[in-house]
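By written order: A, B, C and D. Residues from 1 in each chain.
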Amino acid sequence: MKLHEFQAKAIFRKYSIPVPEGSMALTPEKAAEIASGFPGKAVIKAQVHVGGRGKAGGVKLSSGKEEAFATAGTILGMDLKGLIVKKVLVEKAIDIDKEYYVSFAIDRAKHMTVFISSIMGGVDIEDVAKKSPESINKSYIDPFTGLKDFHIRPFLKQAGLDKDACAQASKIIKNLYKIFLETDANLVEINPLVLTKDNKVIAADAKMDIDDNAMYRQQEIYDMVKDELEAQPEHQAKQKGLSYIKMEGNIGCIVNGAGLSMATMDIIKLYGGEPANFLDIGGSSNPEKVKYAMQLLMGDENVKVAFFNIFGGITRCDDVARGLISAISELKVNFPIVVRLTGTNASEAKEILKGSELIFEETMIGAAKKAVGLVAR
Amino acid sequence: MKLHEFQAKAIFRKYSIPVPEGSMALTPEKAAEIASGFPGKAVIKAQVHVGGRGKAGGVKLSSGKEEAFATAGTILGMDLKGLIVKKVLVEKAIDIDKEYYVSFAIDRAKHMTVFISSIMGGVDIEDVAKKSPESINKSYIDPFTGLKDFHIRPFLKQAGLDKDACAQASKIIKNLYKIFLETDANLVEINPLVLTKDNKVIAADAKMDIDDNAMYRQQEIYDMVKDELEAQPEHQAKQKGLSYIKMEGNIGCIVNGAGLSMATMDIIKLYGGEPANFLDIGGSSNPEKVKYAMQLLMGDENVKVAFFNIFGGITRCDDVARGLISAISELKVNFPIVVRLTGTNASEAKEILKGSELIFEETMIGAAKKAVGLVAR
Amino acid sequence: MSILINENTKVIVQGITGRDGSFHAKKMIEYGTKVVAGVTPGKGGSKEHGLPVYDGMSEAVKATGADASIIFVPPAFASDAVYEAADSGVSLIIIVTEGVPVHEMLKLDRYLRSKNIRYIGPNCPGLISPGKSKIGIMSADIHMKGSVGVVSRSGTLTYEVVYNMTKAGIGQSTCIGIGGDPIVGTNFIDALTLFEADPETTAVAMIGEIGGSDEEEAAKFIKTMTKPVVSFIAGRTAPPGKRMGHAGAIISGTSGTAEAKIRALNEAGVEVANTPQGIADLLADKILAGAKK
Amino acid sequence: MSILINENTKVIVQGITGRDGSFHAKKMIEYGTKVVAGVTPGKGGSKEHGLPVYDGMSEAVKATGADASIIFVPPAFASDAVYEAADSGVSLIIIVTEGVPVHEMLKLDRYLRSKNIRYIGPNCPGLISPGKSKIGIMSADIHMKGSVGVVSRSGTLTYEVVYNMTKAGIGQSTCIGIGGDPIVGTNFIDALTLFEADPETTAVAMIGEIGGSDEEEAAKFIKTMTKPVVSFIAGRTAPPGKRMGHAGAIISGTSGTAEAKIRALNEAGVEVANTPQGIADLLADKILAGAKK
């Protein structure tokens, strides 16, 4: 679960990490009001989950109330790489002397937290990693000991900060680590971490990604993201025990298991079709779940055919069949349904489905070919 | 550094561990006042660092203000195994149903914290360990994971507590562990942990021993014990970099290093003498330290002869010699001094000491025999 | 032989009185797995499927001499259950629980490794050595005893592969589902190492998916193996960045895409099937050829 | 040979710019120890006794290929220095610092053991293999190369013993001061195990003191050794309970008194000298007799 910059900065403030003065606005009026609250220029930043906001025109400087109003108006409603900007962060512009990069993330292969730092901040860290990998420091942090001064020292030295700025940066990094742990984050990142001309260290940007598995113990963060989260079809599906990601194709997939779901999408593509979605109905599926999955497909106007691929194990094929029957009878399904059922209670399932208008196939390949063929007509 | 029961209970209160109502008194008047502050009987408990206070008469029940006054008067000033009682804890007596034992300590051999519990509380746990070792549970706690529910469960089950009492006991034990960690304790102990007749779990006694090495980061505890601590000659010596323990003999020892100090005492005993003290002047000794050590010996009226045993290494023998010269000239030493110096700069030292009335010996054995001989005369 | 488990492995089911724990304990017993006890705090002294239930792992292991534990405990309590298992003396822990926070896993992983305890999962189906023992939740009937080791990050996809293998007459020595979470106890290299050393295994099927760099690392290791490995990678059509953030790529130095993984495997001489069914065909070739890669 | 260190051991001095660190670094260099660098945060780039000083252990080890580190850092910072050393790649850490809180040591000990790093101390004089290397603070001139291993919980008492040994013509293979704190990295059994395996060591002198149960444990181990061990235990006259609380006795099941220790050692066939000088006499007998215990 990614947080918006303004949300991450609210957490930063709670942990005494200095961020520029400012707040979030939903309208140009509010943006203008915020901008008039402090002297000097204001930065207006689109709050959307896309990389390279700046280059794409989502971050702009403005002078005075009127210009802030106008600029916010331009950014709000803007389409940034497919996402519509609904919120902006309006902040007092700061006098930048130097820009650094710091983050904490989880190294899956090493099974450790890694502290990543660079004196080349303010640009895409992936580019830095490619062009000048030597400028990136990585320190691995043992979960047993946690962050220690010796993990931070090399960065502080490279950054060439004076004693006072060192103390500020060190405190920021330690608090950032605290945030990383206490919010169950997959990633906390400050890019750029700014040294201002009057020798203050400030987090000019803030990125946080929270572990979805830990949401049950992160109530405060959940409350923060709740509204936006609940508006997402993916999240609604998850609440019902389904994992759903919409895509651009027209063959709707309903599968049990994430790996088999991906493989089903792959095989559709392999035989010339385009999957409309990823949809994993999980284990021990009950008929209600199947019905809801069908509704998700019907909500996507691109879908021209549905492909049921169920490998019964814990999931019983007869349960899926019952769900399917009730879905067909209650909903007005307006596309053909290709069904492939194998494993636990598959023959019972076929018995249940006998007489319906479903198209049966024995193998994944057979079913995929059939679905692709139906769309092509 | 051992804490008194009333001090440990003050810490318990801070960590929400329930203890009986009450407070500490220095006088019978104050004791009577405290006792009149609550209904029912009062327990008056001597606050001295000796085991088996109760059996020795240091813990007594009283009814009403007058009796509390009288009882406190009996206990205050009492000699308990060599220690004079100066403080009493006056507490509301509680209705005991069952008594348990719980503690956290450090197992030196296993390098782990151990949670020790027993359903046979209220008596000397060493006796329990001897007589019915099966009633003592030990759970080893990894410093990485800390205390977990599964460490506590076997005790809760054995204790036969109901759900409510289980929750109380569990919370007490977890907070006790927190105290153990956060106060840098070598030992925290509740004996007895009481289940009252109205199903409340209460720490009826409290024992804590704090790691002296951690005192630098335990300011609150230091403030608590400061006055008593600073009155001890052992502590005064420690402040000057010396380690001193008074004993009952008449041969005063001044040695560098704890092991050599103990060996020096042993060898005195071996040759028929009795050491007056343990005194380790430590490494890198300066002349001032030596002088102070001599003052400590002079402050002990039992001392009939001094035995200097210095093995020069980091400690330079000439430094010790200079200290000795200045001690002799400034203080009126009224007992003979046997000196054994070996190692770094020993010959320089002997040069410095030439002409003094010191008695030189080349070996530890020789010096010990000489010292014992001098006392015997 | 087989890897990690065999007909003598004694298993405790943690969370045996829960819905899933009870169901799968029964299935494992029916398969012939030596399930010796269950553990549920507070339920000590009761019985489940005729097995004794204990309050704690320590007493359960003392009473039964168990070697392994399988964990069906809700995410919020799972890590404590694993710590308890780790301190009880078992040498193998299978964590079925889905949804354990990654920070819990970081600590748990460090702890288990420091005690040299092998664990599998979390969020994994467990493992089965057909005809010997099953410590997991896979349906047993699609498996057949044989000489191909199967290792996979995915559940049902593995069933698909195994089903096709069995249909084609290709049996399995051990099938192990390592789980798809960011931090897992046993990764591809660990499993491949065990299969390489197992005299009963003659070839390995490795079923990967997008994300992380485990498949890429495995590819390097496979170059050193004497036994043939075939593979399938799921997620060629998955949208980029849906699961992996930018920092992931900086850390692992790989994009984690299916293409990158397939390329790495091909470079290591591994044939990668286009479909789950394809695995069986590739294996048939290898086995018929008696091929040494 | 010798144990743990030899003429090739490369050492970093942590806290080299401090008073004690600087002094003993110089002494070690003079003795011939391969001191390759010093570390003091913030002093990187400077020199001390002609040696490069680094800000951190990681860069110091990378630059020098050091095997060992000796720590002269005040108690409040010592544990961080040790963690840093542990993460830097050295395999031996000597902690001279006195006064490290025991709770810090519990964590540190667990950490170092989980990484299989050997440490000695804290609050210890270090170790010396006469004629080869000295990583510690003992004065070198009382030592003589030879075949007796010396292990001790005490500093100056060891000097006393070694001084008498050398005077009697009995040289030492390695002398190791394990430190007297409740938690130490290398205990008697660890040292005895190493001496037993060292072909250059023919006998061992073990110098113990009251408190804990390390000597009692060692006694059990000595029964399994082929090399003769002699001992001295300090503290027969120490007042009871001055260092050990009641809980200590419950935990270790021993009173920790000199008498208990001497009894345990005698039962294991170890002769215990009455005085530090007595060690040399006992050794002379053993060595002259070429005795196999």
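The rule we apply is simple: contacts are C-beta pairs under 8 Å (C-beta built on N, C-alpha and C of every residue); 3 or more make two chains touch, one makes a residue touch a chain.
Keep in mind the model is a prediction, meaning the values are calculated, not measured.
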Contact-richer chain pair [B-D vs A-D]: B-D
Remotest chain, subunit C as reference, centres from CA atoms: B
Inter-chain centre distance, subunit A versus subunit B - centres from mean C-alpha coordinates, in Å: 58
Rounded Å distance between subunit B and subunit D, as computed from the means of their C-alpha atoms: 28
Inter-centroid spacing, subunit D versus subunit A (mean Cα positions, whole Å): 54
Distance from subunit D to subunit C - Cα centre to Cα centre, in angstrom: 45
Sequence positions of subunit B contacting 2 or more other chains: 142, 144
Numbers and ranges of subunit C residues touching at least 2 other chains: 107, 110, 113-114
Residues of subunit A that touch subunit D when the two form their complex: 140, 142, 144-145, 148-150, 153-154, 157
Residues of subunit D defined as touching subunit A within the complex: 41, 44, 55-59, 80, 83-84, 87, 107, 110-111, 114
In the complex, subunit C residues that touch subunit A: 75-76, 99-103, 106-107, 109-110, 113, 137-139, 142, 152-160, 163, 180, 182-183, 207, 209-210, 212-214, 217, 232, 234-239, 242, 245-252, 258, 274-277
Subunit C contact footprint on subunit A (complex, rising order): 51, 103, 105-109, 111-114, 116, 125-126, 129, 136, 138, 142-144, 181, 184, 186-187, 189, 209, 211, 213-214, 216-217, 245, 247, 255-260, 262-263, 265-270, 275, 278, 283, 311-315, 342-344, 363-365
